[in-house]
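Multiple structures follow.
You will see subunit A twice below: alongside subunit B first, and alongside subunit C after that.
== the complex of A and B ==
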C-alpha cells in the first residue's frame, strides 16, 4: 500500500461510513479473535459479491439497485452460513445472530454504488484497499475491548493481577464508547468538524 | 405490561443488540423525523412478519430447508417494501415521494431484517411473533426519539470541535445503554 493510500485511509470521508458498517456487527467484537473472524467473513462476502454485482451491473435496474444488492448479499451470506459450520462449528457459533446481518451492511452497498462504472482492475484495487481498512478497524475495536475489558489479548493474559479491568467495555455500552473514541480520532486526524 | 417493559427497556434491541443503530448513524436519517421512521418501520415490520411466518413455518421448516432462511427473509423485506410502497401510493398519493424514500431507507438497514430473523426462532404462534416484532420496532423508536431530543438540546451547547457529530452520538448511546441496564432490576 502506498504512502498516499495510507494517508487516504484516515482522511477520506468514507471512514465514517466504515463505522456505519460495523455497527450491526459490534456484538461480536468483544475479543480480538471474534472481531477478526467477523472481519474476515465480512471481507470474503464483500469481495465475492462485489464481483457478482460488477458482472450483473448491466442487468441491475438503477432505481431499485439497493434491493438487488441486498438480495445478492443475502445469497452470499446464505452460502457462507451453509458452509461455515462444516468448516469450523465453534467459529460459526461464536458469530451467532450477527452473521446474517452482514447482508444489511451499508458499507458494501456504498462500494457497489461507487464501483458501478469502473473497470475490473480499478474495482479490485479499491476493494482490497477497503477490506484492509475494515480489518484494521475491526481489529482495533476487538483489541481495545479485550485488552482493557479482560486484560487479555488473543486469550493470553497480559495485564498483571491487581490492575482493575474496565469491565464495561465488554458490554454493549463499552462498544459504543470505543466507537465514540474511534470516531473522535478519525475527526481529529481529518481536522474537520 | 412486564413483557412490554422488558422489550422497551430491559432488552432494548437498539442498545443491546445494535439493530437499527445504522439507521441513526446514517446522515440521511436527519432528513426524516424519528416518528416517520418508526411509522414506516412498523408498516414494513407488519408485512414482513406475515411473510416471514408463512415462509418459515409454511415452506422452509416442513421441507427442512432452513438453510434458505436468510435469503428468503431478505426477499421478504424487499417484497414488503414494494407492497408498502404500492399501498402508500394508492392510499396517500400526496406524500408518496417522501414515503418512498423512507421505505427504501429503512428496508435495507438491519432493523426489519434483523428483528424478523432473530425472533422467528422463538415464535410459538403468529400473534406472539407479530407482537414481539412490533414491540421491538417501538423499542427502536423510543431510543430514536430520545436521541433526537437529546441531540436538539445538545445543539444549543458548545462542545469540542471534533466531538461532532458521531462521537457525541455514540457517547449518548453508550450512556443510555448503561442507564437502561439499570431497568434489569425493575422486577426484583
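== the complex of A and C ==
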C-alpha cells in the first residue's frame, strides 16, 4: 500500500518532474528571448532523440532502449553544441555550461517513462504536449524576469521611469522565485491544498 | 517483443556509438575553419572597439606578451599599426579583486599613455550595482585620462575618479586593472 502510494507520488506528479527537469535551463532564462531559445533547443534535442529511438524500436530491445536513448541524446546535444556557434556566436558563449546540461533535463524527463512498452504514436503525442507546456512555462519565466528585472521586453524598454526594477529576478535565485510562484498559481487554480 | 541475446545488444550499442563518433568527427571537420575565423573576427572586433585610430595590420598577429610591473604576470599587448608605425596599443589585463571575483578588461592606450577606452570582457559583479562598470556612465570618465597626470583613484581614496554608488570595490578593481596595464606599458616603453 505504502509502496503504491510512493510510486503514485513519483509517477503522477508531473509538476515535480517538470520543476526538477527545467532547473538546468533556468539559469539562462534572464530574458524572454534567451528562455525561449533555450526551451526550443531543449525541445528539439528531446524530440529528435525520442523520435530516433522509437523509430528504431524494431531493432532496439525494450531493455536496451535506455542505453540507446542516452547515446542518441549525447549525440544530439553534441551536434547542437557544434552547430550553435555558427548560428549565433554570442548566444552560444552566453550559454556556457548550460548547453550540455540539456542532457540532464532530457534524462529526467525520460526516466519518467523509461522501459514502458508504449506505441510510438502515444509517446510522440505525449512529448508534443509536454514540449508545448515546457515552451510556455519557459517563455513565462523569461518574460517575468525580463519585464520586472530589467523593465524591458524583447530588448525594448517599456516600463515607465520611476518604477523600481526588481533586480533579484535577474539573478539565478530570481528564477526560482518565479518558478515557485508559478507552481503556487497552478496548484491554486487546480484547487489543490 | 522478444528478448534478444546479449551479443546482439552489445553490437547494436557499439555500432550506434561508432556512428555517433563518425558523425561528430565529420561535422567538426566541416565547421572547424569557419568557427575559428568567426572567433578571430570576434576578438578583432573586441580589440578594435577600445581604440579609435586607424590600422592596416592585424593586431592579433602582432600580439606580444609583456611583463607586468611587478614581474609576476604576463599581459597580452596588441600593437595597432598603420604604415608600420604604432599609433596605439591594446592591453588585456585581469584583476582577481573584483567584488564577485576575477574580472578581465581590455584597455586601449595612445602611445603617450593616455587611455582611449576600456571594455570589460568577463566579470561576475553584482547585477545592477557592480555590473555598472560595463556602462558608459562610469566608463566615460576614463576617456582621454592619463593615470600619470591625475590622482588615479576613486574620490573615497583621495583621487579624481567617481566610483559607482555602492560599488566602490568594483570601481577600484577596474581602476587597479587599468593602473596595472598602464604600469606594464610604461615599463615596456622604457625597456624598448
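As a working rule, the second predicted complex is superposed on the first by the 152 of 193 C-alpha atoms of A that agree within 3 Å, B and C clash if a C-alpha of one lies under 4 Å from a C-alpha of the other, contacts with A are read in each partner's own complex, and residues count from 1 in each chain.
Here is the rule we go by: a contact is a pair of C-beta atoms (placed from the backbone, for glycine too) under 8 Å apart; a residue touches a chain by one contact, two chains touch by 3 or more.
No experiment lies behind these values; they were computed from the predicted model shown.
When both complexes are overlaid on chain A, the residue A:187 reaches subunit B alone and has no touch with subunit C. Taking subunit A as the reference chain, the count of touched residues is higher for B when subunit B and subunit C are set side by side. When the shared chain is aligned, no partner comes close enough to touch A:144: not subunit B, not subunit C. Applying the stated contact rule after C-alpha superposition, one finds that A:74 touches each of subunit B and subunit C. Using the contact criterion defined above for the overlaid structures, shared-chain residue A:170 touches subunit C, although it does not reach subunit B.
Contact with subunit B, but none with subunit C, is seen for A:66 once the two complexes are overlaid on the shared chain. Looking at the shared chain after the overlay, A:103 reaches subunit B, while subunit C stays out of its contact range. When the two structures are aligned on the shared chain, A:82 is found in touch with subunit B and with subunit C. In the superposition on chain A, the residues of subunit A touched by subunit B in one structure and by subunit C in the other are 67, 71, 74-75, 78, 82, 171.
By the touch rule above, subunit C contacts subunit A in their complex via residues 1, 3-4, 8-9, 12-13, 16-17, 20, 23-24, 27-28, 31, 34-35, 38-39, 42, 127-128.
Of all residues in subunit B, only 15-19, 21-22, 25-26, 67-71, 73-75, 77-78, 81, 104, 107-110, 113-114, 117-118, 161-164, 166-171, 173-175, 177-178, 181 touch subunit A in the complex they form. Here subunit A touches subunit C in the complex through residues 59-64, 67-68, 71-72, 74-75, 78-79, 82-83, 85-86, 89, 117, 165, 167, 170-171, going by the rule given at the top. Contact residues on subunit A toward subunit B in their complex (touch as defined above): 16, 19-21, 23-27, 66-67, 69-71, 73-75, 77-78, 81-82, 97, 100-101, 103-104, 106, 109, 168, 171-177, 179-181, 183-184, 187-188, 193.
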